[in-house]
Amino acid sequence: MSLAVDDLQVYYRTLRGDVRAVDGVTFDIADGEIMGLAGESGCGKSSLGNSLVYLTGRMKYVGGTVDLDGTKLPIWDFEAMNEHRFRHISVIPQYAMSALNPTRKIGAMTADLVGSRGVPYKHVAGEFIRRLELVGLSKDVLGMYPIELSGGMKQRAVMVVSTLLDPSLLIADEITSALDVSTQKAVAEMLVEFRDRGFVKSMVVITHDISILYQVADTILVMYAGHLVEKAPADVIIGAPSHPYTRLLISSLPEVGVRYTERRLHGIPGTPPPLLAPPEGCRFRDRCPLASAKCVKRPPFRELEPGHHVACWEVGG
Amino acid sequence: MSVPDRVSTTTVGDDLRIGAAVPPAPADEAKPVSGLRETLYFAVRNKKLIFGLGVTLSMLAIAIVGPYIARHPPLDYGGQLSVPPTTRDGYWLGTTLLGQDVFAQFVTGLRMAFVVGAIGGGIAAIIGMVVGFTAGYRGGIVDELLNMVTNVVLVIPTFALLLVIAAYLQVRGIMTEAIFIGLTSWPWAARAVRAQTFSLTSRDFVSLARLSGSSSRQIIFREIAPNMSSYLFMMFILLFGGAILIAATLDFIGLGPSNTISLGMMMQLSVQNAALQLHLWWWFLPPGLAIMAIVGSLYVMNVGLDEVFNPRLRSM
Amino acid sequence: MVTRRRRRAVGWFLSAVGAVAVVAVFGTGGAGATWQAKSYPRAQTLITSGTQWGNIAGMNPYVGNNAAGMIGLVNETLLRYDPLHNTYISWLAKSTKWSGPKQYTVVVRSGVKWSDGKVFTGSDVAFNVNLARFNTSRWNNLYQNLKLPIQVKGNTVIFNFKGTPNYVQWQNMIWNMPMISPVQGKTIKTAQELTTYNPHNPVGTGPYKLDTSGYDVTTRVVWAKRSHWWASDQGVAPSPAPQYIIDLVNTSNTNSLAAVLAGVEDLNNNYLPGVNKLVDSGKVHTFFPKAPYMLSANTAWLEPNTARVPLNDPVFRRALGMSIDINKIVTDDYQNLVLKASPSGLLPTWNKYVNSKLVAKYGFKFDPAAAKSMLLKAGYKTDSSGMIANKDGSKIDLAISVPQGWSDWEAARDMIIASAKQAGIRIHAVVQGYPTWQSDRNTGDFDLVIDNAYQISDSPWTYWNGIFHLPIITTGTGQTFANYERYTNQSAWNLTQQLDKTSPSDTTTIASLNNALETVLMKDVPMIPLWYNGIWAQMTSKYWTNWPAAVGARQYIPCMWNGYLQMTGIDTITHIKSTRTAAGG
Amino acid sequence: MLRYLLRKLLIYALTFVAAVTIDWGIPHLMPGNPVLTLMGRIQIQNPQVAQHVYANYMRSFNLDLPLWKQYYYFWVSLVHGDLGTSILQFPSPVSSIILHAVPYTLGLLIPATLLSWYVGNKLGALAARRKVLDNTLLPFGYLLTATPYMWLAILMSFLFAVTWQVLPVGFAYDPTAVQGWTWTFGLDLLRHWVLPFLSLFLVACGGWAIGMRNLIIYELESDYAHYLESLGAPRKLVRKYAFRNALLPQITGLALALGAVIAGALVTEIVFSYPGLGYQIYRAITNEDYFVIQGIFLFIIVGVLIANFVVDIVYMIVDPRTRIGMQEGGQA
């Protein structure tokens, strides 16, 4: 058991009250598991990802626990978290393109970084170069400034840097969205490669793009409006999703490789409920074809069959 | 430099870090209405902004009302000579060595300061933006050429040009001065805008707009300018203050308007007429204090606005 | 830690630059500096200011802006003139006289030596007068009238004239022409060289010589006392007490005033606004203990362009004159530091030429109402706004100009505009820098200017000449030195020339000529006398006392201005006493 | 790289020519005639003679030539370092006037500009670090930048020189000082230098501090800063990066400042009667001494251009972005 999240609640402080971006989320990630995290924008998937490493100024820890390899992560305490960041849990941010200090050579910057974490650069230098080469970057990159790299190269460099200390969990946030299909494929394969080589034990891959998840993810976790909807092995989610939302989600994919992006789901009338003071019960019920009276109560995220959890009254009796 | 291979519209929506003005909030939060509400919310709670705005507005009020309550025309030599501030016959700030009403001169000067600031700053801002956008967006030879023009304006000492103008216009008005300042004080603004545009141009969403075939003007005014709007506004404020300071300097060396009084001219005249040695402090203190108050509060206001427009700075 | 080191480096770099910069400032001091550490002994140093504006142009007596004090302290004149007692003082010349109807004889003092040790002789006088052969000399026109060569017999120099001598101008030249050393002056071979002549250290006969080590064109000229000076050796004048005289370049009136108050300057010859307050409070003193505080230097007048309508009409000019509230200018603008000008505008020192009967008859005083009715009676119309319009009904809006930045004149200008308005005369101000103001005045492109061209002198002729001089030059330079108002009155000009050519002994003719000219002036009002600019002089007694004063024996002119030392400015210097050391030097 | 440098040099050359041409044009655009000023000082009585002399001077100042010739000769004499002759201070050459004034001005400007830049940036960085400082230090910064140079000068002159009389009211050294490489004279110079320096230094310092503070705060919120933080990098490292990146724009600012501060120096020198370039310009402007104006402005133009060029080079060295950008042909 690599990661165990139990009833995690993380809200955004706003003027009109708390936005319940992550509202009582419970799930596990097994060692070596690559879990895809999917859902429309604003469904809270990025918030969930972030909350595991780095609570930004306006995110508020409300409740729940996060255990990594049996140790409890103090995610509410910025300073205390530093100990775990990078070493045990690391991230490839959405903004990987601009994540590197523009005025510092990549080698030097990495040296500063690991050095500041008490790891002498020379201990990791060799590995660093090897991994760069693994992702197709020559060692010259060390002597280059970010501006000298293309977007894809920067992204790969960031991948390598983020995983340099072999964290047990890596959060990859929308890392493919800025790339074209072929590059995406490559990046995706690298993620798997990283896992297989044990650079990271397990991963959370956050993306809109279910087709990408199909390529990399062992399991897929679907979120809707701050709630978990369904978690199951990738082929199950793609092939035989059981939650009505998941079904619509999958069916609304024209074909693999094309994204639905910002557009609200065509198939489904209505929009997700506002996350400040959201309605009790199932948050999908207004748009749900199967909605019934039961749905006013929040459906538990129960195990349908081993490895397949669903939050719906109507499925699997 | 290389533009990212291919871009999806998603990044535009999701990259919370494009443009300092976009608050890092969940998607459903980023609706314009709430955005505005939010800005206002922080605006009214930002001490710097409130303070700056307060001082500036009260100064403005004095500048508008003052001349009406002043009892004597600012240039008349009516009164007793060098009277310290008094309530008698309306010489609230006393009189000059030659018996002019300091209060009347002060409030008129304030008014002039605001006129110069608004017009001078405005013109400078417009020129600066046009030049900056074009240079920053087009780059290449256009950039170099505009840079050169900017440099020329930058290195030509302003007084030189004003001297010529001064020699020609035997009666110079405040407008002349304001326009002149506007035409000469835009270079730094142009450079700043250029730099900003430059960095924004390399952003994915601009590249995207480019790819999707929008014209340069569209890109500049739909993609770039909006993302800098707060920046541009703050730039204007700085130019406003700058214009006031420049005007004061020009007036002080006798290149100011000929048919009125300004804060700078008050300083010049007070110095020329030995106000320091005769300890006529009420003559040379007010104009400087006023300029300091206006420009200073503008700057403070500027930082306040910055914090309001740019949520990342609110933590500070 | 890279950055830490780099930042320290920056720190060092900056402080280094700073140091260099400071050294650079030392460096300027170093320009031709001595290596001794002492400073000029304040107690034996007279510090003056108020003459030199802007950098010191050098040591050429023939072009303005030469080092203040050079003429008088170094290069002396044959005679001096005391305007307060209207007497000539024999100086380098033991005697001068009109030895014949067309002959002038100068006998040079014996025992006078140049600072280079050579003896001062008659031929030196001839040399200097001969410099007037160059047309860039302001005395060239007098030279035209000389029979050449000038006769020199030892110490006696005889000048013979072709025609009737210009007695007045000649006499004026004699006490104004500086004697420069032929040894240095012989380099002057062309008219151009007369204006570019600039000796490194001028050789003179005077009590002081240039201290080149202290001379800094941007800041000051330092004159060091010579061990011997003929005048004190021969008992003609006391030996001046100051070992050094330092004249500071003027920067601003205010800082001069501050310097006076701080005891940095002993004598200041600037117009210092509001100085009357400081005199009344005893901080500084002036020639007169109370108003007008200052002696009068020249007449400030309003020049109407008599070539333009309506200023070509004497009635209008008179009305304009009556509409100016000069008293207000004197009391408010000048705080009584100046005197109101008499209707004839003749300086107080020329009072003896003023005929009170004429003044009573032709003079006018401030009366805007009378002025207006006078104009209407003369056929002027009024326009829609009730202001005076031309006889043909066309609008009148006169432009008045003073050099920009002359704040006292600017105030006076505004007061004139205001009071003229009461008489229905519309005037507006135009702003011009001095040179533009000057060339517009010279070329006649103006309506009204405030001006003061002619300094106090030994004859009202200089004053009349300035007003009536003919012909009017309309090309090129325009009027370069006189009659800017373009007043064409041949008979008046004839009278003026006649005055110039009247022997000083013929006092009755001189008196009648002056009366005639006064009459023309007051009747025809070619220009409007306003006030008498003062011989601005503020003195402090911190280091020096025994300053000139209105009462008592020391009625000298306390002024370093060019041309004033050979009046009685030099006597001021020879009579002051140190407050620190034993009286004298 | 070299290509880039050459191109820059070319641009600067063009800028120089353009600026100098405008500079040259100034006197010729002016009404009024400088030679008449000179005539006024020589006071020639005989009109005919006056005309003659007038013609002479017109010739010696080249004012009788057609414009294009005047322009041509201007460059010729410029190449020979001849800036013409002052009208007001005839016959002193303009170059000597400048040479006498330059050391004073540089002695004020260089320390004032560089030190204010250094100190200001330091303070700004401090302020960005601690909220306390941010609220105590910065307000003064705003007040200072908002203060007109001359007014601060007036104020200090009024307090220190006029009222308390602890420092001299003006001039570069005491009237009785004997110049030389001596401590007494050096200290004397310093005493006269303090007030003008301070009034320049303080105003500029405030500006730099504010600028630096805001820049750093921006940097601390940039992506790379967040990335480092999410990888647990300590505050120290992040600040270090932020400071260095924030410094870059300040370097450009420095070049611009050098151009702008001339105005500040001008009024400061006027208030303190400090015999530097600023005071000379002032005299020349108010007396329309064209050739001096021309010469001094030329001097300033060259100075500012050089400053800008140096900064361009420095920037190229310290900021990879510009360096890379330009290697790829400058368009980014």
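General observations
Note that the chains take the letters A, B, C and D in the order they are written out, and that residue 1 is the start of every chain.
One rule holds for everything that comes next: a contact is a pair of C-beta atoms (placed from the backbone, for glycine too) under 8 Å apart; a residue touches a chain by one contact, two chains touch by 3 or more.
All values derive from a computational prediction rather than experimental measurement.
Under the contact definition, chain B and chain C share the contacting chains D.
A count of contacting C-beta pairs for B-D and for C-D identifies C-D as the more extensively joined pair.
Seen from the Cα centre of chain D, the chain whose own Cα centre is farthest off is A. The mean-CA centres of chain A and chain B are about 46 angstrom from one another, to the nearest whole unit. The centroid of the Cα atoms in chain A and the matching centroid in chain C are 91 Å apart. Measuring from the averaged C-alpha position of chain B to that of chain D gives a distance of 22 Å.
Averaged C-alpha coordinates put the centre of chain C at 37 Å from the centre of chain D.
Residue positions of chain B touching 2 or more other chains, listed in rising order: 1, 17, 167, 254, 271, 276-277, 312. In chain A, the residues that reach two or more other chains under the touch definition are 56, 95, 98, 147. With touch defined as above, residues shared between interfaces to two or more other chains in chain C number as follows: 252, 258, 261, 404-405, 432-433, 436. The touching residues of chain D, counted against chain B in their complex, run 7, 11-12, 14-15, 18-19, 22-23, 26, 29-32, 131, 134, 138-139, 142-143, 145-152, 154-155, 157-158, 162-163, 210, 214, 217-218, 221, 223, 249, 252, 256, 259, 262-264, 266-267, 270-271, 281-282, 285-286, 288, 293, 297, 300-301, 304-305, 308, 324-325, 328-332. Residue ranges on chain D touching chain C, taken from their complex, read 30-34, 36-37, 39-47, 49-56, 60, 86-92, 96-97, 100-101, 103-104, 106-111, 114-115, 117-118, 157, 161-162, 165, 168-186, 188-190, 193, 240, 243-244, 270, 272-273, 275, 279-280, 283, 285-288. Against chain C, the residues of chain B that register as touching in their complex are 75-77, 81-82, 97-99, 166-167, 170-172, 254, 258-259, 269, 271-274, 276-278. Of all the residues in chain B, the ones that touch chain D in their complex are 1, 17, 20, 139-140, 143-144, 147-148, 151-152, 154-161, 163-164, 167-168, 187-188, 191, 195, 198, 201-202, 241, 245-246, 248-249, 252-255, 264, 267, 271, 276-277, 279, 281, 284, 287-288, 291-300, 303, 306, 310, 312-313, 316. Across the interface of their complex, chain B is touched by residues 252-254, 257-258, 261, 272-275, 277-278, 328, 332-333, 335, 399, 401, 404-405, 407, 411, 414-415, 418, 428-433, 436 of chain C.
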